[in-house]
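Some structures to go through are shown next.
Two complexes, one shared chain (chain A), two partners (chain B, chain C).
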Partner chain A sequence: MNIIVCLKRVPDTGARLEIEKDGMELKPDFPWILNPYDEFAIEEAIRIKERFGGNVTLITVGPEGGEEILKRGVATGADVEVYVKDPLLQGLDEINIAKVLSAVISTIPFDMILCGKQGTDSDSGVVGGALAGLLDIPLVSAVKRLNILPEERQAHALREVEGGAEVVECPLPALFTTHKGLNELRYPTLSGIMRAKKQEIRCLDLKSIGIAANHFSNRNFRRVGLSYPLLNRRGIILKGDIKRQVQEAVTFLKDEVRIL
Partner chain B sequence: MIWVLGETRGDALAPVTYEALGAGRLLAGPFKRGLSLLLLGEGMDDLSKGVLKKADRIYLIEHKLLNSYTGYGYKKVLEEFFKDKDISALIIPGTSMGRDLAPLLSVSLGLSCLTNITGVEVINNTVHVKRPLYGGKIVETLALEGSAVISIMPRSFKEPEASERQGELIRVEARLTEEDLRVRPIEVLREIERREITEAEVLVAGGRGVGGPEGFHILEELASALGGLTAASRGAVDAGWRTHASQVGQTGKVVSPKLYIACGISGAPQHIAGMRTSRYVIAINKDPNAPIFREADLGITGDLFEVIPEVIKEIREIKGIQEGKP
Partner chain C sequence: MDFELTEDQRMIREMAKRFADEEIIPFARENDVMERFPIDILKKMAPLGFLGGPIPEEYGGAGLDFISDAIVFEEIGRGCSSVRTIVSVQVSLVELSILHWGTEEQKRRFLPLLCKGEILGAFAITEPEAGSDAASIKTSAVRKGDGWVLNGSKTWISTGDVADIIVIFAQTDPSKGHKGITAFIVEKGIPGFTTREIKGKLGLRSADTAQLFFEECPIPDSALLGDVGEGFKIAMSSLDNGRYGVAAGCVGIIQGCIDACVKYAQERHQFGKPIASFQLVQDMIARMYVDRDAARLLVYRAGDLKNRGIRNTLETSIAKYFASEAAVRAATDAIQVHGAYGYSNEYPVERYLRDAKVATIYEGTSQIQKLIIGEQILGIKAFE
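And then the complex of A and B:
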């Protein structure tokens, strides 16, 4: 099984984020991490490789900072690192990011592609699905269980749906987006970390994969501003006798929330 | 034309279908366009009766292979359907179906893709849409400058008012084969007890302070007294007490219920991000300095195992009186 895993770096989910004075960008003083959903993708790829052989190729695209997340993936057992690094990728929308990925991936033979189900930055969850559409391969999104049948060249996957789950079947090659719960993550080993340090990243830019800026489709939206969610909380904190507190809370449910 | 893709839940239209129609109405005004609803699958006639006055046109796109959702099946049929039609916006419910379909459709229709939209507003003839970023820590406002596939967050839009006029019902026969589906559903596992937390009006959420899986019984009792569901923080899910399907927060779900009761949840930023859009918040916590109190309309300081039984008792008393029982 040759598996491609697409990675993205995102602001640390534990970080407090602040908006610049101009209201358009975030203040850049937060730590970056590998997108948490991508970790499940790397882990699943390595498990499949350990079981059936093959190799795991990690790909990330972006203007900067991709090296660290690629190295982390290699330290846990991935084989090849590809980095499309280009200043033109700054602020590019998801559909065009998928176009870049599809241009790189169409030069690499693969049996399956794994992507995190969404980045915890924009939360939009578009790149994986758009990439499957561009490559015209089956898509199963937000999978929580994945069974590969290499002989039949098929996969069975379980995905969460409202009020339950759905088991689906599809032929390979296919693209799966990974959800929390798919697997338990492993830690990088010392030898893995050493190997990751030594290994060279295959660095590409847009020109080398045959994409010019005018290949990008128009995005029909423009950021007008960032803001904090409106908080109009009453902020009344009760203390003391439990019965009295509860009575006040119930009055609140009756008169304000009006659900009693 | 503004298009809305409907979704069913069991034998009825999912609530988010009405919400998508509400979002569609907000867009139809500024674009000066009509509003059309698309319902895919067989036997939609009865379901369509409830929305006849909510859209200008209702298309019933019928085929037996459309009875359950498949990404490529829906994509193929919609691609064919839209061949000779103009799209200003195509609104899709932000559900497990919509999150799967929106990017596929955007690529095939050549449209931009905007997901998780929670608001629409018109400013100086420009349509502005809002979406949460970073799990809800930040809100982004975007100006819409052309056609797009737009998925909406459940519970973010109001159902539109019924219009005077009845919408026109149009039947379309779809062409589709088994091979077109690419991904074949083989089994649906229904959890009868579990409904979807993003669609609930009341959520009673528990964190590490609940102490263990058994502790959630009392939360379930409170949820059922209020006609709601239970949810959990990442702490409670990572401890293995609850399933990830019920996790609220940045690596879980963003929820917007009418009432959110946080029990034994301290209020880490990634949890707050997921519940901030709740209409009313009550927090119950032993620690008077817990950050969750800053996000609450009302805080109760105390042991949740003392507080919640009291609350349930009071609620039952009130409901008993309403129902005329002693």
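And then the complex of A and C:
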């Protein structure tokens, strides 16, 4: 099985993000991480490779910083790293990102593509679906269990739907977007990290994959501003004896904020 | 001079930190209370490469540089000093000694097994009457036929009771003093070799410490590590590696103290506000923070020399002396920050203190480190 995994670099989910005065960009002093949903994609790809053989190719696109997330994938067992690095990719919308990925992937033989179900930064969840559409292959989104039948060239997947789960089957090649719970992440090994250090990244720019500089002149959308989330804080004072206060607190957590 | 870690070193810290948080820390307290050898943790560490960090890949290791090696020890030490001690002995004392002084056959035979954790190693210099004065060891190895016969005893040997192989130092020519000391690789199971576990230690309670007894033990000539009479040199150079791991592990203890204190001081309220807002509490935590940075930078300096193959006895002694004393200071203050709660094993800080103390004693006491440093400053040896 030749598996392609698409990766995205996102701001660390634990980082405190600040917006520049112009209201358009984030202040650059925050740490970046590999999109957490993509980690499940890498892990699943490596498990499939270990079971059926083949290789795992990691691809990321962006103006900078992709090397770090690719190396993390190789340290856990991926084979090839491809980085489309070009300043023109700065702030590019999801549909156009999918077009860039499609241009690279069309040149690589593959049996399946795995992507995180969404990036934890924009939460749009568009790239995987758009990429499947552009490549004209089946898309199964938010997969929580995946069973590959290489001889039948088929996959069975379980995905979360409102109030339950749905089991689907599809022919390969296909694209699957991965959800939390699909697998348990392994630790990279020390020798894997050293191997990643030595391995060379296949670096491409837009020109080398046949995309001209003016290709994105007609972008699907552009950002016109960023703002902080609206704070909706309110205090609640629990009344009565301690038993009643506990009951009230549990009811509130269960029915209003729904975390119990 | 570059103070930034490289990308792979950052990845190694991230991986080792995650492992310590998920696989070591949750079991550290119980293992300590039960005095239980952490074999389950070691079994998880081995396939990830923790038991062969700086050993070249051709011998089954990960081929780490020494800064990465320190990062690994720091994170393991933050989790549990007993585990860190076992790994230090395995990697820094046994594997690096075999790598530097062993024959090609010994390297091929032992290193892959040690790196995979299929066998455990121990390193035995100390004797009941020879601690800081390592040159005065009495255990003897006498030529007999094609091999040697070993007699004597060792004590305070980490991993001694469970080890499969032991790098042991014995006197082969008493007339030559320390130049008559020779190193051997002794395998468990040879006739006349017995061990006895030492219980009731203040700290490192889940690490194994033992006495070793050799009575007319026959060992083959192929067990020689290095040349006859080279043992003291091997011991001292191996201790440069061992002390490095101890120092890095102590940086981890200090970090553990900082983490525990920051959390507790922000949660604990007295006089209507978090104790973190009190100047005297901030003073203790600030000192820990400074000590951590200073200790870490001293470790990295020694590591940089090791990476470049430059002699680092002085720099490693400075790092080990400072880091171990700073770890004791940090753990003492960490208990103080926690008040009465810090005095119970409900919080990890009392374990940090008990574990830190041994680092000022083993692999050369703080006093011996200062004499090594003093000799460099004054040009006069305080001991032979």
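Rule of thumb we're sticking to: the second predicted complex is superposed on the first by the 224 of 260 C-alpha atoms of A that agree within 3 Å, B and C clash if a C-alpha of one lies under 4 Å from a C-alpha of the other, contacts with A are read in each partner's own complex, and residues count from 1 in each chain.
Going forward, a contact is a pair of C-beta atoms (placed from the backbone, for glycine too) under 8 Å apart; a residue touches a chain by one contact, two chains touch by 3 or more.
As the structure is a computational prediction, the values presented were derived from the model and not from experiment.
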Which superposed partner A:Ala98 touches (first chain B, second chain C, both, neither): first
Chain B versus chain C as contact partner of A:Ala249, first or second or both or neither: first
Chain B versus chain C as contact partner of A:Pro150, first or second or both or neither: neither
Broader residue contact with chain A after superposition on the shared chain, chain B or chain C: B
Partner chain in contact with A:Pro188 - chain B first, chain C second, else both or neither: second
Footprint overlap on chain A, where chain B in one structure and chain C in the other make contact: none
In the complex, chain A residues that touch chain B: 11, 13-17, 19, 26, 36-37, 93-95, 98, 120-130, 132-134, 138-142, 144, 156, 158-171, 174, 179-181, 217-229, 231, 233-240, 242-243, 245-250, 252-254, 256-257, 259-260
Residues on chain C engaged by chain A in the complex (per definition of touch): 7-8, 11-12, 15, 18-19, 47-50, 53, 57, 61-64, 68, 72
Chain C-facing residues of chain A, complex: 67-68, 71-72, 75, 187-191, 193-194, 196-197
Residue ranges of chain B in contact with chain A within the complex: 9, 14, 71-72, 75, 95-97, 99-104, 106-108, 110-116, 128-129, 131-148, 182-191, 194-196, 199, 201-202, 226-227, 243-245, 247, 250-252, 254, 258-259, 268-270, 276-277, 279-282, 288, 293-302, 306-307, 310-311, 314-315, 318-319
